[in-house]
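As structure tokens, here come the structures.
Look at the two complexes coming up: chain A is in both, with chain B in one and chain C in the other.
Presenting the complex of A and B:
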């Protein structure tokens, strides 16, 4: 028995080390491929330059702004909706509606990204063009709306899990004291579950930042630095997808490793923020 | 890149059509089997698709896959041995040919046409107006004789051979307005223009159908005749590349493209034959 236990342990340990090494390996590979940029000191100037390949300028600043704008706006749209849905699904809605809501959310989480993108190109974008933003309709706003729909199931599921994990005895105590559902939510569930709420929010932001297809299809991919949410923009991920096709030996191709490195650092930072802000409570 | 390729194929899948071919040109495929992977230039796809279908109907043992991605992708992937035939809508550079030891053949000539939505009343422009529009100096259709609406610019990414030809020959390397929307294939360009009444972009002449309207440039309408007799200057060759000399199925497929029935497909799809 002990022997089997230790074998299982070592297999699991090997898997852990394997996947951990892979993640670190990816970083070192990007560092290796982007090394010429770093040693020449161009990496940091790339972060603040525009993208004009015809003139030999390969900055990723417009994409950086585009990525941040689209993902933050998506989060701003999605957060209140997701919080509301999670509160309803755990506490505020009638009992029969709660399970229906969760079923719907899980179903939404399973819809492929490309379906959202496709529907957006043929309905949302023309609608935006005719009635809201003018121009071509391929805008930060349109992409953020679609991304908000895309990331909300992830966030809702995270929130619901967090709210449900608050101990039953505490909840019964609130009921026993005659607390209303909203009081239970405000004074018990939110304070207790806030690490999950924070983690879900950052997960949502990470997903919005990392999504490629929606921004590629809906945001318009222009290389201008966006000024308003009704401008077209290109994200870092869409930029990688577009440029990976170009002349692979040139500086143009090399510069996309800076996008990769920036995205990687962003992910590491968000995970770090979750860890720190929640005091390692999330397992 | 994968989602892009899927998208390209999805957008083009709808126009799949059969084609009767002279059996004799397909004789080489008798008794062959295996798979042939083709990717790259998106202007090539309509011809590639029909040629592949003819081959696969004649010999079901052969599987041919066709993906987009742009000329840059075609050259890169064939060089790295990921695919058997890489398509490019521009000539590969000497550096590209030498790095990978590529062989290049030209099997069609293609024009790149400026295109607008069929609802747009503007159907003729001068080179001067075109440059102003793509540079962002002229921003409303009213200025070139259309409605009082903003001009929505659509362009292709840097990997596009179509962009390369349009940029050098139609707008003389004018810097394209950075606010222009960027689409990933000839098919996606067509979809974008067909859906946006105020759009302007450019597509391979072979891709033009009733959903987009070609624009007459300096009095010359882009068509098979005008490209052929040299009046319409915005033209280029359609190339296919292999790593080293073409071999096996790739060799047979390229020979088929250059055969009379292969060249019939080329003409049928709106390009100019080279034989």
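Presenting the complex of A and C:
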């Protein structure tokens, strides 16, 4: 190898190491800034306490519950829809409609989060207020519905890739045996592709957990622990945005870094599960 | 029983496809219709003469120009940082990295891709705090910090599309140049990169779309509701997605609300177009040596 060649390699290596370090650096940055609170309040008790700044208690339990409730509900709504759409796009729709459907899904993926939020605030929330939940209309249910629409393209794209990667010779074998498309789907594609179906679901859950704008705009941001889906709730992500907007110093400010740490750890876990279930690679 | 399952699957697919289609149509048309009265030059320039506004002679107070300019500058700066780094990292991962390191590093960038944008915004904010301690009074939340954070946010998109594009080049094309005596870098520079340009471009376009629509990152790193046209990288700025968010909670007149809808439609058009373009680049324009 020539000298000039190794120079290029070291430049590329430097960029790689730099960006890799930044990813780990983000975690330690949050750990460092949240450290005083983590040491004094102990991370785990922080997770199970309520948020009462007036009494000096900065637990993030309500936000944790809010995040989990909203994202799980969104997943429950979105999973059947995404599965159905993915089935259509791979197999069941007429051939010409499949690429149109995929195009539609890409376009959906491109709709900005803030636009979904905006539409929800002025159409879905008043509708919920008048016909379904009553009260202010800013509820877990409303946020979960919007989030379900938001995460469906991610899941559909993942499902479609998984279903399409089932080996061609197996599919031809089903066709040769006279199997109907639905039979091919039920007895070949789904059993073969279930790891990527599972991975796509976790990916959707991750997107729902990580979204800020929808819950900030639609879920109402109450700091009480939610009890039903028609309650208002605050998520970890929205909490970060709200506290920064309100306050710049003190323990309250430090506590948002524990939210950041929880979200980071959640991401690491979900990426780990996805990589294990799909072998090695995402997409 | 099995017959029932098949019927159920068909029903599910039909209903969910229809539902998705309905959602897209409802979101797009409702945004379009509610902003209908606001689509004119006034939307962008307010009550100021367009020429004066563009030349910066008069500030625009009730138009979208500052937000549009802020978003454009923001996206340019973010991409200027993320593109070279992302390309270099993607090339290294695909062509140079030993396989064990490749697994570790791509796991790391998967984590980055999965990190909620608010966490990236939070770390950008944390960096601002440190910088503020180092240079008191000079560096606060500003466009530069936002652009760097956004660049970090979209970095995995560029890395992954570069890596995947290079790895999917036909083995025949990959082996010819080294067989003729080209070095590794010459092969990358003259064969592999040209062969995968359109997929890499697709990734970059996707990154532009993500950078333009993201609100959570800039919310924590320096966007404000009224700052005027961006004057310097070290000042606060306006951006289109934040304007929409701000209007949704703070609007006072129906005109402002209409402007919010119109702004939403602009952003929707921009991002929808970019994502479709990225899809076209990725799927249809890919040069394929094997089919020639």
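Quick notes on this one:
Please note the rule applied: the second predicted complex is superposed on the first by the 257 of 283 C-alpha atoms of A that agree within 3 Å, B and C clash if a C-alpha of one lies under 4 Å from a C-alpha of the other, contacts with A are read in each partner's own complex, and residues count from 1 in each chain.
One rule holds for everything that comes next: a residue touches a chain if its C-beta (ideal position, glycine included) is under 8 Å from a C-beta of that chain, and two chains touch if they have at least 3 such contacts.
On a predicted model such as this, the values are computed, not experimentally measured, just so you know.
On the superposed chain A, the positions of chain B and chain C overlap enough to count as a clash. Of the two partner chains, chain C is the only one that A:206 touches; chain B does not reach it.
In the superposition on chain A, A:47 contacts neither chain B nor chain C. When both complexes are overlaid on chain A, the residue A:221 reaches chain B alone and has no touch with chain C. Residue contacts after overlaying the shared chain place A:22 against chain C, while chain B stays out of touching range. Once the two complexes are laid over each other on the shared chain, residue contacts for A:114 go to chain B and to chain C alike.
In the superposed model, A:265 makes contact with neither chain B nor chain C.
Annotation for chain A, partner touching more residues between chain B and chain C: C. Touch criterion met: A:12 reaches chain C, while chain B stays clear of it.
In the superposition on chain A, A:232 makes contact with chain B only, while chain C stays out of contact range.
Of the two partner chains placed by the overlay, only chain C lies in contact with A:183; chain B stays clear of it. Looking at chain A, you'll find residues 114, 121-122, 212-213, 217, 241, 244-245 touch chain B in one structure and chain C in the other.
Taken together, the chain A residues at the contact with chain C in this complex read 1-2, 4-5, 8-9, 11-16, 18-20, 22-26, 29-30, 33, 80-85, 87-88, 92-93, 101-119, 121-123, 149, 152, 180, 182-183, 185-186, 203, 206, 209-213, 217, 237, 240-241, 244-245, 256-257, 260, 263-264, 267-268, 270-272, 274-275, 280-283. Within the complex, the chain A residues that touch chain B are 50, 52-55, 62, 114, 121-122, 125-126, 129, 134-138, 212-213, 216-217, 220-224, 231-232, 234, 241-249, 252.
Residues of chain C that touch chain A in their complex: 2, 5-6, 9-10, 12-17, 19-21, 23-24, 26-27, 30-31, 34, 84-86, 88-89, 91-93, 96-97, 103, 105-123, 125-127, 129, 152, 155, 159-160, 164, 183-185, 209, 212-216, 219-220, 241, 244-245, 247-249, 257, 260-261, 264, 267-268, 271-276, 278-279. Against chain A, in their complex, chain B makes its touches with residues 1, 3-4, 6-7, 69-70, 72-73, 76, 93, 95-96, 99, 150, 152-154, 157-159, 173, 175, 177-184, 191, 195-196, 198-199.
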